[in-house]
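Pasting a structure below so you can have a look.
To keep things simple, chains are lettered A, B, C and D as they appear, and every chain counts its residues starting from 1.
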Amino acid sequence: MALLSLDTLSKAYGALVVTDAVSLDVSEGEILGVLGPNGAGKTTLFNLIAGAARPDFGRVMFDGFDITRLPAAERCRLGISRSFQVPNPFGGMTVFENALVGATFGRAPEHSEARALRALDITGMKPKANVLAGGLPLLDRKRLEMARALAAHPRLLLLDEIAGGLTDSECVSLLTAIRDVHAEGVTIVWIEHVVHALLSVARRLVVLNFGKLIAQGAPSEVMGSREVRSVYLGETAHG
Amino acid sequence: MTWINAVVQGVLIGGLYAMFAAGLSLIFGVMRLVNIGHGDLIVAASYLAWAVVHATGLHPLTSLVIVAPLAAAFGYALQLGVLNHTLGKGILPPLLVTFGLSVILQNGMLLIFTADTRKLDAGALETGSFALSPGVDIGYLPLLMFATALVVIAALQFLFYSTSLGREFRAVSDDREVAALMGIDDRRVYASAMALSLAVVAVAGVFLAIRSNFDPFMGPGRLIFGFEAVIIGGLGNLWGTLAGGVILGVAQGVGAEINPGWQVLAGHIAFFLVLAVRPRGLFPRIS
Amino acid sequence: MVEPLLRVEALRASYGDARALHGVSLELRAGETLALIGANGAGKSTLLKAICGLVGQNEGRILFKGEDIARRPASRIVRLGVALAPEGRRMFPSLSVEENLILGGKARRPGPWSLESVYALFPVLKERRRQPAPAMSGGQQQMCAIGRALMSNPELLLLDELSLGLAPTIIKDIYELLPRIAAGGVATILVEQDVTRALATAERFVCLQEGHVSLEGDPAEHSRDDITRAYFGT
Amino acid sequence: MSALVSRATRASRVAGLSALGLAAVLVSAPWWTDIATERLIGEFMVYLALATLWNLLAGYAGLVSVGQQAYVGFGAYVLISLASLAGWNPLWAVPMAGLGAAAIATPVARLVFRLQGAYFAIGTWVMAEVFRLVCAQISALGGGSGTSLTPAAMKLVAATRPAREAAIYWLALALGLGAVAVAYLLLRSRIGLALTAIRDSEIASDSLGIRIDRVKLAVYVLVAGLTGMVGALVELQKVRMSPDAAFSVNDWTAFVIFIVVIGGIGTIEGPILGALIYFVLREYLAELGSLYLMILGALAILVMLTAPQGLWGFVQRRFGLSLFPTGYRVRGL
C-alpha cells in the first residue's frame, strides 16, 4: 500500500489553476524527486500534502487515512514533516530550540531533547546549536529547515529546494544526510532545481508543468523525455 | 408609535455613526491601520470648532471652513511624521502609537479645556422639526446630519473610485511595491488618506458638538461606535459603514426605548450578534 | 567609447540577512536586448529588483546614464526611465485594465507610448479596458503588465519571467511583438526560463549561477553544452 | 562526546538567589514598614501582575488585547458581590473571582477570536464595555455609581486594621510575584516552547505540530483567570468601586501596555523593569497630573518607534543577559 496517495488533487487561486488533477502514489521507503519550472505548482503541491492549503477538489490519503481536511499540525503529528522553500526559522530561538519544537510537538514527543540533538547532528547544525536562528545565513537556515522537520520524527519528509546555493562539498554532505535519513526508513519527497543532486538519490522522478503531472518514471527516462526537455530546458518541441 | 419613532431617530443618528466610521474605514482600507485615537481626534475637532466659533463668532457649521482644513493638515503631518514609521512592522506599533496618541489627546484637552462639558450652539437648527406622522417628529438637525453623512460617503466613494488620488489609494492598498514602481510615493499617499480621514473627522466632530455636550474623555466611546459600524457593515465597504451606522443607531434607539440604561449596551449586543453570525460583516466587499 | 546606458558594478544585494547577489557586474548599451538566464534562485529577479530600487540593501554601484541609482527609492528610479514588468504580472486587482495602464504613465515621461499606442500594440486590452484586471487571462495580464511598464516611456525595460505560466501560443504572440517594442529604441533585459527562446531573441546574454555571473557573451558564440553547464552548474 | 542540555545561566542563578532573598524581605515588610509603604508596594504588585499577564497575551500569544479591564472589573464585582451580598470572607472570594473570570473568558474568546489583529484589540475593548454596562445595571451593587465593601466584610479579612493591611499586602505580593512565577514556569513548559514558536512564526509552528488555536485559547483563559484575581485584589485595596473605575481602560490596560512596551515586550524581565520605571516616574511626576500622562504616552510612542524591543531588549542584546532562563543551552559541543 502506498504511504501517500493523491487522488485528482486540484487547486486554483482565482483564475489561475496551480494544481490540476494530480494523482500520485508514493510508496513507503522511496525517495521521489519533483521537478518543474518556476510556477509549475510544486510548492502548492507540498502545501496541499502538508495541510498549509486545502484542495478545491480531490483527496490526500496518508497511510490509508483520508487527511484532506486535517490541519497542518495534525498531519505533522501523524508523521508528515516539511521544510519551507523560503526558510521560516523561529528567529528569537536558538538552533537547538528550533529543532526542539519539532521534536516536542511532532510524531513522537518522548526523548525530545535527544531527537532534536540527533537532527542537528545529521544536518551538520550541531556546532551552531546555541546560536539564535534569526542571525543565521541563508544556507544554515535551509539546513535548519531540514533539521526541524527531521526532529519531528516524520514518516514522510517533504523537502522544498534545500540544495540551492550549496558548494560541492556542502552538497555532498547534504546528500549523505538525506541517505542517512532514508536508511532509517523515512520516505522522502524532494523538490529540487539542482538536478544533479536530485538525480544522485532519487529513484523516481515526477515532473510538473502548469500544475499538471506531465511525466513520471525512472530518472533516465524522465530526463530524456521530449516533454521534459521542452518545458525544462526550453527546447521548444517544434512539430 | 414610540417604537417607530425610536427606529426613525435611530436611523438618523446612524448617519453620525457612519461619519465616525467612514474615516476609520478609509485609512484601514488604504494602509491597514486601525487608529485607536480616532475618537479622540473627533473630540479634538469638536474643541477646535468650539475655539474657532468663540474666536470668530462664526456659525458652528460655517466654522468647518477653518476646522476641516486644519484637521486635514494635522492628519497629513501626523501620518508623515509619526504613523508612517509604524507601518509594515506588525500590528503592535500602530496600535500602541495610536493608543499613546489617544492618551496624549485626552489629557491635552483636559489641560487646555478642563473637564467641564461644552456644547456648540447652532441656533434654530437645533430645535426645529417637522412631523412625519403623529408622534414621529423629524428634527432638522438629525436630518441634516443624515444628509451630510450621505454626501460625505458619496463623495468618498467618488473620490476612491473615480479620481486619480483614489486610484493611487487603491494601488498602494493592493501592492505597495508595484505602486512604487509606477512612481507613487506611498508615504505621501498615506498622508493624503489620513488628511482626508481627518477632514471627515472634522465634520463628525462639529455635528457631535452641536448635538450634545462633550468633554475630553468622550473619544473612546466614539471610536467604538465607529468601529462597530465598520464591522457590522463589512470591512472595506463605504456604503456598508452607512448601513452599519444605521443598524447601530436603531439598535441603540430600540434598546433605550426598552430601558434607558440599555441604549449603548443594545448597540454592543447587536455588534456581537453580527460578529457571531456573520464574522465578515453584513456587506463584505467581494474580493 | 560611449558610456553604456546601464552599468552594474560589483553589486551585492541582500534580503534581510540572506544575500542573493555576490558581486554581479554587467553592462547594457542603449537599445540593446540582453537575456538574463540562470536556474531558480540564481538571483535573476533580485538583480532586476535591485536595478529598479525594490531591494533594501544594495552594495556596489548601479549606474544608469552615468548616475548611481543603487540607493534611490523605486518611485524615483522610474522617473529616470527604468520600468519593470514584474514576475507574476502583479496587476492591481482593484483597478480596471485601463486604470492599471494610466498608473503606469504616472511618471509622465515624454515618448511614443500612450494609452492609444499601447492599445494599438495589444488590441485585446482595449476591448477589456473597463474590466477589473483579475478578470483577464494570464496572457492578457502579461500584456497589460508590459503595457503598464511601457506607459512610463522607459529607456530601460525589465521583463521578469515573461512566459511564466502562459500557454505556448500566447508566449509566441508576445514574443512576436517584442521587436516592435525594441524598435522604439528601448533597451531590454529579459529574464526567461525558456532559455532557447530568450537566446533567440537577445543580442547578448548573461548567465547567473548562485548570485555570480557564470557566463556571458553572444549566444551564437557559445555551445549549448557550455550554456547548460553555466546554467545548472554541473 | 555527548552533549548536555541545561537551562540555567550564571546570571540566572545569581538572579534566582537574589529573587528569593528579595521575596523574603518583601514578605517581612509588615513588621518593619508603615502602611503607606505597604500600600505602595501592593499597588506596584498589581501593575507587575497585570503587565506580566498582558505580556503573556500580546508578547507571546500574539493576542493584543485592549480589553483586559473586563477581567479586572469582573473580578472586583465577583468579590464585592460575594462579600456584600452573600457574606463571604473577601479573601475566599479571590480564587472564586479567578475561576469565574476564566469560565467567562471561554465563551468570550469564541467571539473575539473571530476578529484579527487590530480589530481583535478593539473587539476585546467592546467586550469590556459590555461588562461595564451590565455591571452598571446591577442596582444591588449601586448601579452606575457603584458601592463600597461594608466594614463588616472588611472585618472578616482581619479584625484589626494593621492585620487587615498586612493580609491584603501579602495577597498582593502573592499575586504579583505569583504572576511572574506562573509566566516563568509556563514559558519553561511545553506550552512555553509552543508560545515562543508561535511568537516567531505561526506558519512554521503549525507545520511542526503545534495546535495554535488551542494554545492561544489556553493562554487567554489562564490570563483572564489571573487577571480576575488581580481585580478582586484591587477591590480589596480600594474598598470603594464604581463601574467606571473597575472597568477603566486607561488604568487597567493603557498604562499596563505602556509598562510592557517601555520595559520590553516578549521577555519576562521587560514588564518588571517597565513597572519599576512606571512607579519611579509616577513618584516624581504624578503631581503634574494630565501632563504626566501625556509624558507617559509620548515616552511609550518614542520607545516603540526607536527601540521596539524596549529597554530590556536593549540590555539583552547589549549584554546577553537573561535572568529568567526559559531557553535551552547545549553544553559540551
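Keep this in mind: contacts are C-beta pairs under 8 Å (C-beta built on N, C-alpha and C of every residue); 3 or more make two chains touch, one makes a residue touch a chain.
None of these values were measured; they are calculated from a predicted model.
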{"item": "Each chain counted as touching subunit A and subunit B at once", "value": "C, D"}
{"item": "Chains in simultaneous contact with subunit A and subunit C", "value": "none"}
{"item": "Where subunit B and subunit D are represented by their mean Cα positions, the distance between them in whole Å", "value": "33"}
{"item": "Where subunit B and subunit C are represented by their mean Cα positions, the distance between them in whole Å", "value": "44"}
{"item": "Centroid distance [mean C-alpha coordinates] between subunit D and subunit C, Å", "value": "54"}
{"item": "Arrangement of touching chains [line / ring / star / complete / other]", "value": "ring"}
{"item": "Pairs of chains in contact (touch as defined earlier), listed by label", "value": "A-C, A-D, B-C, B-D"}
{"item": "Parts of subunit C lying in touch with subunit B, wherever the complex brings them together", "value": "52-54, 73-76, 78-79, 83-84, 86, 90, 92-95, 99, 102-104, 106-107, 148, 152"}
{"item": "Contact set on subunit A toward subunit D in their complex", "value": "50-52, 71-74, 76-77, 81-82, 84, 88-94, 96-97, 100-102, 104-107, 113, 117, 126-127, 129-130, 148-149, 152"}
{"item": "Touch list for subunit B against partner subunit C, complex", "value": "164, 167-168, 170-171, 173-175, 177-186, 287"}
{"item": "Touch list for subunit C against partner subunit A, complex", "value": "17-19, 39-41, 88, 134-135, 137-138, 161, 164-165, 168, 192-198, 210-211, 228, 232-234"}
{"item": "In the complex with subunit D, residue positions of subunit B that touch it", "value": "33-34, 36, 82, 85-86, 89, 91-97, 99-104, 106-108, 110-111, 220, 223-224, 227-228, 231, 261-262, 264-265, 268-269, 271-272, 275-276, 279"}
